[in-house]
Amino acid sequence: MSIIIRKDQWINLAIIASTLWFIWFASSHFDEYTVRILNNIAIFTILAVSYNLINGVTGQFSLEPNGFVAIGAYVTALLLLDGDAKSYQFDIEDPYPWVLALHANFIWALFFAGLFSALLALTLSFPVFRVRGDYLAIVTLGFGFIIRILAINNPEITNGSLGLNDIPEFSNLYWTGGIALLAVWGILNIVNSKFGRAMKAVRDDEDAAIAMGVNTFKIKTFAFCTSAFLEGVGGGLLAALLTSISPDLFTFFFTFQLLIIIVLGGLGSTTGAVIGTVLVIGGAEWMRFLDEPMNFGFFETPALPGMRMVVFSVILIFVMLFAREGIMGKRELKDLFKKAKK
Amino acid sequence: MILELKNVTKKFGGVTAIKDTTFRVNSKEIYGLIGPNGAGKTTMFNIITGNYEATEGDIIFRKEPLNGLKPHAIVRRGIARTFQNIRLFKSMSVMDNVLIGFDFQAKYTYFESILRFPRFFGEEKRIKKRAMEILEYFKIAEFSEQKATDLSYGQQRKVEIARALATNPVMLLLDEPAAGMNPSETEELANLIKSARDDFDLTILLIEHDMKFVNQLCDKVLVLDYGKTIFEGKPADAIRDKEVVAAYLGDFVSHD
Amino acid sequence: MYLILEAIYHDFKKFPKKYANFKVNFSNITDCNKNQKGEYMRKLATLATSVALLASVSVAKEIKVGAVMPMSGPLAAYGQVTYEGIEFAHKLQPTLKNGDTIKLVLVDNKGDKVETATATTRLISSDKVTAILGALTSTNTAQTIAIADKKKIPVIASVATNDKLTMKRTFANRVCFMDSFQGEVVANYALKDLGLKTAVVIVDQAQVYSLGLAKAFQKAFKKGGGKIVKKIKITSGDKDFKAVVSQIKSANPDFMFLPLYHPEASMIARQSKQIGLNKPMFSGDGVANQVFIDLGGKAVEGYMFTDFFDYSAPPTQKSKDFIAAYAKDTGKKELASFTALGADTYFLLVDAMNRCADPSDSICVNEQIKATKGFEGVSGIINMDKSGNATRSAVIKVIKDGKAVYKTTVNP
Amino acid sequence: MNFLEFMQQMVNGFSLGSMYALIAIGYTMVYGVLRLINFAHGDIMMVGAFLGYFGMAVLDLPFVAAVVLSVVGSALLGMLTDKVAYRPLREAPKISLLITAIGISFFLENIFNVIFGGTSKPFPVPAYMEEIVNIGGLTLPASALMVPAVTLVLLGAILWVLYKTKYGMAIRALAFDVNTVNLMGIDANKIIMIVFGMGSALAAIGGIFWAVNYPSVEPMMGVLIGLKAFAAAVVGGIGSVGGAVIGGFIIGFTEVVVVAFLPEYGGYKDAFAFVLLILVLLFKPTGILGINFDKSRF
């Protein structure tokens, strides 16, 4: 390795440095509301880029994020809460002794959150990738659903629908932003390697990929487990940000929001997923006006709570029909600059 | 002898697509598989490449049976293929298409790629160099950064063959390589296949309709009709064979 | 990247800054005071407070009160009904004794936890509210409290009944009774007044409310000498209870206790009648609405449930006035319990603020909320305790001829 | 548990199973012709139930007229979704289709939520359907007998259409190869439209039955039922109408049996369909009467 840093590496360093500076600036200057939204954006960036890896890059349509995020959140919460905090909370049933004994610091908690999700993904991949594609969608949808049912019906571990409270608030912009940066970097590294190429090949033409000697089962499983790992970590960060989790947080709405993000950003584009996150998470706050009465000057509409969700689904359909590529298409931000130079 | 099919039969439900077929392909040979539409040629390819499992019979490649192996494992043993209708990876550049062929040859792990270990850079450099050499051989290096599907039809064929060669095969299976090409393109392709055989030490098994192309290129042909072998031998002799002519005439009458 | 984020940041900034924000933030100063930062700070604080007092006499301030409510999403129906009460109460009493006006800031949380957290943070850090009302369900209220407690902003919950909610919290309050009280009311009423000795309990695993109420009931019922012959778990969203009611029929209890919400309770009532199971049925306040009677039809005749309040028997002068004003404004005489409780969160807050020298001092407001005794609310007399829980009466109603009829009031 | 109670549970399972079956048929047929998991199908069922409610409670129509309104309306809606959201994407990657399907599903749920509100609406069940019938000690509402009976009649009709008419033949052919259908001189798009119409009409009937048995309608009612019906279609073998019916009954009976005989696992009732789905994928990926689409596509 040479000491001389190439031009594109300079650019990467500049991006990383300015992001870190922004994190520092934001956490010391912005008000808490803005910081919270930035935290949400950082966490959803992690979730979106990892969801995009299986859905966009590998082209395997899955609907799992709510399930893995839930697992990550619960694992983290159980590891962060100490025995006393747990035994005081459990109200429906007494917790199992081993549940009380669980304890770890934040880094290990996040790691185990990811690991646990990834292992579950590995188990799921065997039935699902035995057959092609489509079944993944329904199985993962069912999986998210089962996770919620398990969380509700095992109060000895999860405290049932009451959920877990008083989780130590470890998440801050340094954690969420830092891990988001790592996640984007790691995913881009995967995409720009033989594994990323194989994932795209599976998406474009699975038979042809097999004919090139690609072990498509392995590639799909890699993508699925990587997604699950990061979703677990994201769930852990979310739990440590909210300090309180319960099964009703992890419904299909959660997945739907991520789906909008990656479709809008451009399926298959990692930087697109980041842009989509900023637009959707930021935009959802901005779009609050849709739920309120609207005054068009000559005519006032009544308040229509829920209108936001209608608009979201219409956006999703329209993007698919008329702008199938989303904002970034399958390109990355880098490619745009390349074009501009020519 | 490099590939041997012994008494291979393939049934789909009640339909017998291939019936008790036996043939051998020798090393460095260009072997043609011909026959009218629906004769079972592509099915034969799919059996060799492991996409279908033979109902009966054995496939022996370099003295080892291929039965039961997964398609990607068969590729790794040295059998590469192209498709009847070109199937390039449409979102990827010409270079990336060819690099897919190096997938199992680049020796670095998933974690090494995530964390960008030195081995990642070394291996990527190596396979990119090799890919460039193949592209140069096929005279399409100048398009390497273009989207594969933006190329002309003839060039896309070349990319597909280049991509197959990237897997470093011993044997290459070409499914109607000349389909949809004009005579001069066909001529060029025939020469290219011949020289590739010599330069890459290949054995080639190909499916083709164009008898002129087959005549010019193949050392030996096998004629199939409704899953049955009706002729095996030199292409020049095949044209004179009564049964072959009957099968083809019948084919012409019914389809063209 | 930074440019985009900054653009968005400015966009957000515009949002809460719609209204001029000239209020001095006193909570910070009192904060310093508490932290014993030295004589100088204390003096400064005293000075600031007296200046503020002077200012409040001369210029009426605007005090912001936040409301976090599910106005859309699956809980929208409940959120809307509750907010109606808060809004109407605000309309009736928009100013404090000292002339300060109250501004309500409503933020929709879609019934979602992430949004609840964002909404609560926004209310505290951008809108600088003095107190927060709501968040409806126990899980979302817990989320709001978790954030507000750290910022020392009092929260008053309207209908979050889970016992654990206010534990270990300084700034959590509620105007409703707790699950444990409601469970006791039902158990005692069934045992002593109706003489029912055996019960089947159907508990909805997915609802915090159901779990808490079922637990409290079981405890009280066993203590009073009753016997739980069977406990059946269901999940909200279920429609088919044929297998459940068959089991109850063979268990043959004296009565059924269904601490459920109206969709499941009504289906169970209907399917019980279909197989000829005609045991008395009892629920908590989860079925206290007209939709339950509509859904249940003839099958819910004779169905009993506890409630906070009944508009046909107004417990206080304030409720009479409120109902009259409400009827005049909306044309509806039937005041829903949730609306009454929503109104009470607001009235209780205003009452506490009136007793503070500086009504925008969150800590004082919180202390005064907890010191409230004998407060005449729309939904009844409310006594608050140190932990922020309300002691109040419950009413028992029975459904007769498609209408919920007041039966009796149970005092704690 | 005595024999009578056992029989009671069996009738319950039969009634529940036939409702799943009616909805599963739509999934299986659409999957057959388009290889698409039509996520919006469950919501079409919800629309069917709502149209029935609208017809009776708002327009004051008699039950049968409301059923006709619901069936026709849902069939049109099904065909419309195909035309608007799926047809423009015939050549697009499958993932785009799946995403629009989710979009349509969410759109229907939310637009009904905005129009009618999220609270359950009481479905006005005609009195004769609520009448209690007593057969040898079994007490049943009349609807519990009517649902399976109508299902069987409809199933017969569907099979007749599929196997005895030109269009049915085309539908079956389309499941294997688009070209064959074009060779038959039939427009594949027309066939797909018919499939959507038929599937949606059956879903509407399923929705009305659901509303009759559990007389409340709400915008989210189609989600879970739809998912379970899809699981039923996969268990039975996706692409096969007979399989969808068998799968529907299996899921229906499993649910009833779980709640009746393993009450402590009652909370897991909804999870069983998916567990069954995963097991089927593990051991018999093509389902009970399945067609191997992977191979036929190659």
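Chains: A, B, C and D, in written order; residue numbering restarts at 1 for each.
Note that in this section a residue touches a chain if its C-beta (ideal position, glycine included) is under 8 Å from a C-beta of that chain, and two chains touch if they have at least 3 such contacts.
Bear in mind that the values here come from a model prediction, so they are computed numbers and not experimental data.
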Centroid comparison with chain C (C-alpha atoms), farthest chain: B
Chain ID, smallest distance between chain and overall C-alpha centroids: A
Whole-Å gap between the CA centroids of chain A and chain B: 42
Where chain B and chain D are represented by their mean Cα positions, the distance between them in whole Å: 45
Centre distance in Å when chain B and chain C are each reduced to the mean of their C-alpha atoms: 72
Junction residues of chain D - those touching two or more other chains: 113, 118, 267, 270, 298
Touching two or more other chains - residue numbers and ranges from chain A: 149, 152-153, 203, 207, 305-307, 309
Chain C residues counted as touching two or more neighbouring chains: 73, 76, 205, 233, 235
Complex contact set, residues of chain D against chain A: 31, 35-37, 39, 85, 88-89, 92-96, 98-100, 102-104, 106-107, 110-111, 113-114, 118, 223, 227, 230-231, 234, 267-268, 270-271, 273-275, 277-279, 281-282, 285, 294, 298
Partner chain D, residues of chain A touching it in the complex: 55, 59, 61, 63, 124, 126-128, 130-135, 137-139, 141-143, 145-146, 149-150, 152-153, 203, 207, 252, 256, 259, 263, 267, 304-307, 309-310, 312-314, 316-317, 320-321, 324
In the complex with chain A, residue positions of chain C that touch it: 1-2, 4-5, 8-9, 11-13, 15-16, 71-73, 76, 80, 107-108, 111-114, 117-118, 121-122, 124-126, 138-139, 142-143, 146-147, 162-164, 167-168, 205-208, 211-212, 215, 233, 235
Chain D partner contacts - residues on chain C that touch it in the complex: 73-74, 76-77, 205, 232-235, 237-240, 242-244, 246-247, 250, 262-263, 266-267, 270, 274-276, 291, 294-295, 297
In the complex, chain A residues that touch chain C: 15, 18-19, 22, 26, 30-34, 36-38, 40, 88-89, 91-92, 149, 152-153, 155, 160-163, 165-166, 238, 241-249, 253, 275, 278, 282, 285-286, 288, 291, 303, 305-309
